[in-house]
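Across the two complexes that follow, subunit A remains constant while its partner is subunit B and subsequently subunit C.
The block that comes next holds the complex of A and B.
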């Protein structure tokens, strides 16, 4: 007590000193300091480029004048960009649905294999996801070649006429989706396989005794138990597929007649090849608000289910 | 409701390991039968074969007179309560209980009536809207039982349902299960490794070991008349003392001579039964509660003996004393007021009327 009195009266500086020391020792301060490097990395590599892209999209072509949302307005009025929106949505939604279905089917098949053989198949099925997509797409490009390709050769054996895979707009769209599904389905498979393995066996046994057939077990036990993984995987894949660039770039380069462009390849064409960087930025930012809203609802649903069930 | 018959049931796994080695068991209608034994004895496998969750390698299981070997679980009209409850985490308590009836396309009103009635019996009505995550272990156990009750099946199967509960709750739920059985009277097969649960709940206890049935009988019979050394040692806590001895003829009667020279006379009523083993080595079995200092009883055939305790364990209502007799660990149950001390000889009485003799060659009780 006496010491404290002396300190307060005699040395006001030491009061500030000790309260600073107390502040520095607080757990929240230490926690903040320890997360600071990560905050700086996220700020520098995510927040700043994103903010700068938004700023860029509001400049004129020469980047000398602020023009607000004019770039977005011009884009919406252009037929070719409306085609890009249609193609991007068609591409992403179809590809994600197919990847989810095929991934689920593969995961189920693998899950029911004996453990010993399972690892071998799992490894083989993951290969498409491991190969750099630019390389594997090149392989597909050869296979889609109308004159010398293996696919048309195989079709010819069954007397199916040759398909202009990359030459006709709808076939080109389908080709891009096929390659994206081939590349992305293993990711769904591995996520769903992990989810399937985490469903307790006794729930299936309880359901079997409760009277569920195998399809009812899938509907009432497997799918609800996997709901969180399914939503997070679909959300993640939707974002990545909307942002896909390499497959379109290598396979069709947006053609024929700019009909297979997606946001990323179109942004590259407008921004880099045609030299209109602000409009390119506007193209690449176009899906951001919509995906943001979808992500918000999906993540909120996952949080709510986690609170109630997990 | 129905009787359950197990005829020559065998369960063999890949590699030829036999978990169940040809057991026969007849369970009567309304009966509460407990399968008990150490882990790996085949009791859970047997239950899962009745449920249809394990394939039967050989033999026949009949429920209500129908052989069910090739009938899937959903068509066997059974309900099962699992050790970890196996409640569907994404469904509310009400939905969990109603699930089996919904799948069987019961009318909504009937489902509602049954779920509410079961909830009333189990005292979980206020929990019906909750998800399993928001329930305690005991409440989850009740819901799992509720899910079984609403189905009104021919047979209830319980697979170690109380193992995940703490000691106090276990006693409470044990009483609860017994009450429910007295109310609904459904034929019940219950698996546990806890002999106290087995003895308190069962109409008949089935003691299993190494895939075979050692003995079947009402709890009292297993306690007083065990058929094998395994049953004698498994039923009762602390376990029965087994002391290597020699059976000797002595002036018209028989004496049990324990290594070290201690000799205890066999009660005259048992002499004829044991005479064939005179002159042979035997195992002398006596329960700790029949090796005591309690002098107030007037039971016959009390034989005095003096032993020196190595460990004393006061338990409150009784005191356990542990001795070493010619290399064998034995224990006795003492009155808590007895001034027992480690290292000081203690005068005890052996209730020879409660003794057992085991043939060491066959491990059967003589």
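The block that comes next holds the complex of A and C.
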């Protein structure tokens, strides 16, 4: 593309050529200078720390000696870390599937409403996404409190026995997922609603003329048109959920018996609280390959979408 | 609501075949309202319950006999206690200080970079634009341990200015990304006209691009504001003394003490800390949503 603009602007004659070249050089210099702060932020605060993390993870606890991959080996051999891997995958996959389904359902329901009423409902339903998650999780923590739980009070009305929300491992896992779904489903709803609005109305009319039922319209018109946005949102949310920290930290802090730790909270416990920085770096680096694979697919989805729109 | 259901009712008798379609529509509308009401109750229950708890006295909270979803003797004492607490006010000012600095830094960096990457194509600009997006996908929980070492090496641990240094990693990539999208939607004729009138690049940016892309700038600013206000991983890792804490971590770590929690005060603190993003959202909802969806629909 850069070549194209040079050709057009350089066309008038060779007289202007040398001054134009100076101009182009000046332009690229200016452009570079304008991008420099961004390059410094990305290079200095993302790329370099990422490389530094790899180096850190290969040191011994006191950071005096290079010990290769020993930290990774020790982690893989420990039962508690295997539990962390299981819990992270279980948490991220379950939460993302639920968020995607609930978000899709809500977006669909909102889309049925007349446009005037949509704003109000959309405004209410997005509230969980707006409150900083660390703070809304405090509210959930209080609602899950063993002796004062207001959720159990509501359940008692329907004669449901009280639930040990944060006291029992599987319930604690479910609680963490509930809070994450509550926080993240509105985001999916907004993304899907934007995508639903971009599906041309003619397609539905054509489908209706062909006698399609509402489930067929969903299956053959809506879903294919939204495929890209669905995959981008799901993959993006998978990254964010996988790397989640605040909810686990506030709600369970890894307990009971370290069974609800995810990569981020375990890395924090090992690296910062217990002071074993190299091993903490190794824990968080375990996220890297998974995130890399997901990021690859996100990028592919976005490029495909750009090509479709072009 | 009533205006939509009224015209559906009467033509039923005349158009027998259309009746099924109308019934289907009405059924769809009813199921939509029912699911939305259920969803809204669930989505709003936690903040409402936080609000209810925050206006109760400690005695009422401890009393297990009554309905916890009701307030018998509303009081503002929890809020007053927090507002009169110098430590809590300190959290607030730290948050304001850090957020204002981070938002201005990120907006300057990302508007300049987005303009250069989107309009002044140069060698490697495409690769860099992709790199910006990839950076956005790197979560903070992957970087906080090496950054802990780096910030520690600079002597900025346990210092609010250390947060100003690292927060741009959360804000700059996404802001740049959505600004590239907004700048790309500005027609080329505008910058050609400006070039013919003899404007230089900086004038082009300040006189044309920034005013035309103002909605995008507002959306990006809101994003940067909410992210730096809500940031949790970095302050938890880097800040240990209460005098340097921003609100999120201050409320979570300092208002929880011992085994008997002051639940009312804790909830009041959490709501006060959540208030600025909620206010911004209430007044600028459309920009907020535009920023949210821009990443996927523009990019």
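Keep this in mind: the second predicted complex is superposed on the first by the 263 of 310 C-alpha atoms of A that agree within 3 Å, B and C clash if a C-alpha of one lies under 4 Å from a C-alpha of the other, contacts with A are read in each partner's own complex, and residues count from 1 in each chain.
Keep in mind that, in the parts below, a residue touches a chain if its C-beta (ideal position, glycine included) is under 8 Å from a C-beta of that chain, and two chains touch if they have at least 3 such contacts.
Here the structure is a predicted model, which means the values were calculated and not measured.
By the document's definition of touching, neither partner reaches A:76: not subunit B, not subunit C. Looking at the superposed arrangement, the partner reaching more residues of subunit A, out of subunit B and subunit C, is C. Using the contact criterion defined above for the overlaid structures, shared-chain residue A:290 touches neither subunit B nor subunit C, since it reaches no partner. Once the two complexes are laid over each other on the shared chain, residue contacts for A:101 go to neither subunit B nor subunit C. Applying the stated contact rule after C-alpha superposition, one finds that A:277 touches subunit C and leaves subunit B untouched. Legend: residue contacts after superposition of the two complexes on their common chain; A:206 is shown touching subunit B, with no touch to subunit C.
Contact with neither subunit B nor subunit C is seen for A:156 once the two complexes are overlaid on the shared chain. Using the contact criterion defined above for the overlaid structures, shared-chain residue A:268 touches subunit C, although it does not reach subunit B. Comparing the two complexes, residues 305 of subunit A contact subunit B in one case and subunit C in the other.
Contact residues on subunit A toward subunit B in their complex (touch as defined above): 200, 202-203, 205-213, 216, 220-221, 224-225, 227, 305, 308-310. Only residues 51-53, 72-74, 78-80, 82, 84, 86-90, 99-100, 103-104, 131-134, 147, 151 of subunit B touch subunit A when the two sit together in their complex. Across the complex, subunit A is touched by residues 1, 4, 24, 28-29, 31-33, 35-36, 39-40, 42-44, 46-47, 49-50, 53, 61, 64, 67-69, 108-110, 112-113, 115-117, 120-123, 125, 128, 130-135, 137-150, 165-166, 168-169, 172-173, 176, 201, 226, 229-230, 232-233, 236-237, 248-249, 251-252, 263, 266-267, 270-271, 273-274, 277-278, 281, 285, 288-289, 292-293, 296-297, 299 of subunit C. Residues of subunit A touching subunit C in their complex: 1-2, 5, 27-28, 30-32, 34-35, 37-39, 41-42, 45-46, 48-50, 52-53, 56, 102, 105-106, 109-110, 112-114, 117, 119, 121-128, 130-136, 138-140, 142-143, 147-148, 150, 153-154, 182, 186-187, 190-191, 194-195, 198, 214, 229, 232-233, 236, 239-240, 242-246, 249-250, 263-264, 267-268, 271-272, 277, 280-281, 284-285, 287-288, 291, 294-295, 298-299, 302, 305-306.
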